[in-house]
Amino acid sequence: MAVVVTDIQRAAPEAVAGLAQQGVATVHEAQGRKGLMASGIRPIYRPAHIAGTAVTCNVAPGDNWMIHVAAEQCQAGDILVVAPTSPCEDGYFGDLLATSLQSRGVLGLVIDAGVRDIATLTDMGFPVWSKAVYAQGTVKETICDVNRPVLCGGMRVCPGDVIVADDDGVVVVERANAEAVLAAAQKREANEEEKRLRFANGELGLDVYNMRDRLAAKGLVYVSSADLEE
Amino acid sequence: MAVVVTDIQRAAPEAVAGLAQQGVATVHEAQGRKGLMASGIRPIYRPAHIAGTAVTCNVAPGDNWMIHVAAEQCQAGDILVVAPTSPCEDGYFGDLLATSLQSRGVLGLVIDAGVRDIATLTDMGFPVWSKAVYAQGTVKETICDVNRPVLCGGMRVCPGDVIVADDDGVVVVERANAEAVLAAAQKREANEEEKRLRFANGELGLDVYNMRDRLAAKGLVYVSSADLEE
Amino acid sequence: MAVVVTDIQRAAPEAVAGLAQQGVATVHEAQGRKGLMASGIRPIYRPAHIAGTAVTCNVAPGDNWMIHVAAEQCQAGDILVVAPTSPCEDGYFGDLLATSLQSRGVLGLVIDAGVRDIATLTDMGFPVWSKAVYAQGTVKETICDVNRPVLCGGMRVCPGDVIVADDDGVVVVERANAEAVLAAAQKREANEEEKRLRFANGELGLDVYNMRDRLAAKGLVYVSSADLEE
Amino acid sequence: MAVVVTDIQRAAPEAVAGLAQQGVATVHEAQGRKGLMASGIRPIYRPAHIAGTAVTCNVAPGDNWMIHVAAEQCQAGDILVVAPTSPCEDGYFGDLLATSLQSRGVLGLVIDAGVRDIATLTDMGFPVWSKAVYAQGTVKETICDVNRPVLCGGMRVCPGDVIVADDDGVVVVERANAEAVLAAAQKREANEEEKRLRFANGELGLDVYNMRDRLAAKGLVYVSSADLEE
Amino acid sequence: MAVVVTDIQRAAPEAVAGLAQQGVATVHEAQGRKGLMASGIRPIYRPAHIAGTAVTCNVAPGDNWMIHVAAEQCQAGDILVVAPTSPCEDGYFGDLLATSLQSRGVLGLVIDAGVRDIATLTDMGFPVWSKAVYAQGTVKETICDVNRPVLCGGMRVCPGDVIVADDDGVVVVERANAEAVLAAAQKREANEEEKRLRFANGELGLDVYNMRDRLAAKGLVYVSSADLEE
Amino acid sequence: MAVVVTDIQRAAPEAVAGLAQQGVATVHEAQGRKGLMASGIRPIYRPAHIAGTAVTCNVAPGDNWMIHVAAEQCQAGDILVVAPTSPCEDGYFGDLLATSLQSRGVLGLVIDAGVRDIATLTDMGFPVWSKAVYAQGTVKETICDVNRPVLCGGMRVCPGDVIVADDDGVVVVERANAEAVLAAAQKREANEEEKRLRFANGELGLDVYNMRDRLAAKGLVYVSSADLEE
């Protein structure tokens, strides 16, 4: 038996819209360095930058049947998150499924497996973050859950969570934390903007962050090469 | 001792020309999901899409001598397929060899090893699918066979087979099957075009492929989140 | 305790300028196939091609503090080379540090770890060669040496050495050898240019390099497929 | 800030004792093929087979400080589960920490990172499942949480969950499900024992599981080699 | 559709018995350095050393159904060779299937995927060479061919071929070549035995193989450290 | 051209003898966490523990010729360190070469490549630390340097340096530092022995190392689960 949850709660649209303006690195920092998917989940084309609400889907290895089931649960502004129940790099997803999802307003796909037809997906502007590019096809024999928590890229994703994905990778924000993380990210971004100006003007991080005393206290010593013998 | 076979039979040009219009994923499906090289064989630039007849070449690890021998066996419309006799990621191939092959009308290179000078190869428009990009040079000391079956990307390639390569990877079509696979691919492509329109209009795969009854028979259940306790 | 060497000697500017005209593969060959970093150190965008003098920096795993210290030691024409003291793929470096380095005239970064904010780095035209792209942040707790020899991409880099980096990867030229390697590279390049013309005109490597006799002596035999039984 | 939870609830001792009699593969099947850590988490010696209750601990990359904090939270029958906040293979754990844990009755360690002193650990009979063996030492600078949920080997582990580990790997059983999973595992094991006898007597799975009709319905055909042409 | 070939021809028993006395490295050399599986295919316990005739079996990713079908085609002296149709590390095979195969006289398993219950397999003395140890279970939904050529560990294996497996890995000897390869291996082994004595007596390979002149001709020079400046 | 240095200086025998009593982890700590080879260099059997003086040798990929040259430079108490000039996992070394080295009193081999005949090497008690076990043979065509600095497992090894290798891996001690590192290691070991007793008696690292105040200062807080809401 497997279940499809049909009435998931999604993060607030305003929070998602706000997070879409923030990069993955900023959001990751803003929520205390949590929720970042493994570095092996990479975009098929660059640049790409989206934020949306997760519809989640498990699939059996080599079997993409449940992606068709999940598609029906997707609505505009969603990002489909697909995780195989054991590691697999098959091409679960191609241009037909992308056409289907795009027609429903789905913003992109995050999949801890392979994808194919990437030239067409690139032309369509349908971004995918995946573990592999692989033309290997799949069967349709085994059912799994849709809209239940999944583990994707080493991270737990619940339906309705916010997914932010850009050239750096993918970060998950828990639904309940979306507003708080957005506020923290915006504050951080503002703070960074000010620092960026100082750095652009030639100030050093050593001074911008007042590091010199703490470095000296740790024992950092400046020497000339003449002081070193070897 | 090593041999160079000088009079290989190539797949029919019409079949190759037809297969050049088909993507790797489609051809792979059309021939029963066989012949796909490992996902680690990736194009050095994108987009790239070629189909041609294989000239095959084994090389010793760290030794690219036989590529020069193989070059002489190549003719217009060929794709050179190079496989080391044990795993190696050295840069066997660079811009001089590409110039040589391009002057003979060779369409591209598939190599289960490394390649270098990729900026120049990109500027030349000479596509390569390789396991690595690596500037490490090679020697010229050991002979191997040319135009004998090789194992490349985990697949067996015979001289004269059709190679189709695009952004998704590389697929091998046995020479004798080229026409049949082309026919199956064209049929599949036509079928997909019709489906693409239905998907673009918002129809779901669940309905396009009549999956609902079979999913229910397997035990798939639709629930509301209120039905789940955890 | 850790030290920062403040008065490193850099390779001669003329040699660096000359090496900037040469590709990594050429320089690697010209210095006897030494100094090439592992193939896993890849550029974040392409094309990219720089040569500069190394400022070197060790960092603790998950700790980017010393990059701020190293920044102060950098001057125009330098390339910062960062190596963690044990393997780590965290995102040690992002757009703020790049802004800081770029304001000082630093040409790029080579890091045997991860990097983030790559969309911004790409827009800024600040090239990075790294082992990973990963948004994972770092702490500032542990001190390490700056401008001492480091091991990066499997290669030893001393401060003041020349780093040449392009789409093929990264090569290190020892400071004392810069002029000699440049001369050898230029000679090699001139020699290659002449060969490129011959190849473009359809001459084969077999003849350009006079390989036929040596191949025959090794036992290479040309056969027709009829000669083979299998 | 980081927290140490000092009063975690542990799975019932009877359930843990029962699960200690079951192999990882059986438990994994019995709970619906969930909770299995990635295959890269391997025992440092074989055979090894334990089950216990999880004390969980995050650590910064290259920093094993929190393992000392977690040790105090461990009691007899526990298994310490350590997860770095970003991927790291340093040797976080050696014979001194093992001596400390063993003196408290801790059964073993599961760590998504490296371990060292494995010859001594083997002599002591203190089993470890780890991602790497690596002598690289760590610092003590950064605090993290103890007894909060962690992601280890791609799986979520909560404090008090049951960990079963043997030569096949590591599986996590949620605390609340321990009794139910034990019952299912025992039933499965009994069932397998009966099947083992039939297999030992030469019966085939085709008959033991009544597969022949379903295979034929799927289209499986038995042929002689004479029927095949190729 | 999928087929099971029921009347495969096996290599001559005398040749197989002879090859069982030879190590993988020797056999690999004796047949011209061909047929060696990838180094990732490793024994689950050591020492282990078998030779037998291949029964071949494809399986879908995450689906071990066909192993049950293949079991019926096995007879005493066979080795079962299992290859997934796309990369997968699931635990396709455990103690029940091993009991079944062992009761039929099957000597061992070679699988380009995962295996489980390895503690029991070790106790039973049923050797397995696999890509992974992983408790992840599989389904029984998809049919594939039995006793057709497969690609396992990067090598093509035909039913009836000889498989030799030991602590060094796995090598495939084509059925038609079994006697010739055995003869070459025995000759090589005899030759090595004589050399082993000379080496044990302190003679150097330089003299045993008469390498000194050829090395000097290549340009090898003996120097004292005083001759080197750096 | 390539050179063989015939009169290398070796570390003092007393220092080497002393280091042979110390584990790799201890030595690595004692010299300031430097010199540890990559974790991928693993022993072919366990337990194994040796220390000796390095004779170094580069080899071309797939070519073991220089190992024969290096053998002549080895004397009792040496460890041969072999590094390919580009990454390769071929089986460069087997039982014949081991017999040769063992007859000269060589203690073992460290190789950043593959090894074969490991069952025999295990029986002989000739330990090897390698990157791979692979039966793939090599040729004898290309010369390289012997007793010049090499990069092995990511570390620089000079001839005469001390190599310590055990189940945890391999560490390099520069010749000039051997006595100092030995003294530091012995001091550390003595210190650890005292701590081991305290740990065995149930004392915690928190108290043995006086960590509690510093943890509190960093912000570590002890809470009961009731204090946490989520």
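The first chain written gets the first letter, and so on, giving A, B, C, D, E and F; residue counts start at 1 in each chain.
Going forward, a residue touches a chain if its C-beta (ideal position, glycine included) is under 8 Å from a C-beta of that chain, and two chains touch if they have at least 3 such contacts.
Just so it is clear, the structure is predicted and the values come from calculations on it, not from any experiment.
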Any chain in contact with chain C as well as chain D: A, F
Chain labels contacting chain C and also chain E: A, B, D, F
CA centroid of chain A to CA centroid of chain B, Å: 30
Separation of mean Cα positions, chain D and chain B [Å, integer]: 40
Chain A residues counted as touching two or more neighbouring chains: 33, 36, 39, 85-87, 89, 134, 136, 142
In contact (per the touch rule at the top): chain pairs: A-B, A-C, A-D, A-E, B-C, B-E, B-F, C-D, C-F, D-E, D-F, E-F
Residues of chain B defined as touching chain A within the complex: 23-25, 28-29, 33, 36, 39, 42, 46-47, 49, 166-169, 171, 192, 195-196, 199-206, 209, 211, 215, 218-226, 228
Residues on chain A engaged by chain E in the complex (per definition of touch): 60-63, 85-90, 134, 136, 139, 141-142
List of chain F residues in touch with chain C within their complex: 33, 36, 38-39, 85-87, 151, 154-156
Touching residues on chain B, where the partner in the complex is chain C: 1-9, 65, 67-69, 71-72, 89, 91, 94-97, 99-100, 103-104, 114, 116-120, 122, 132-137, 140, 142-143
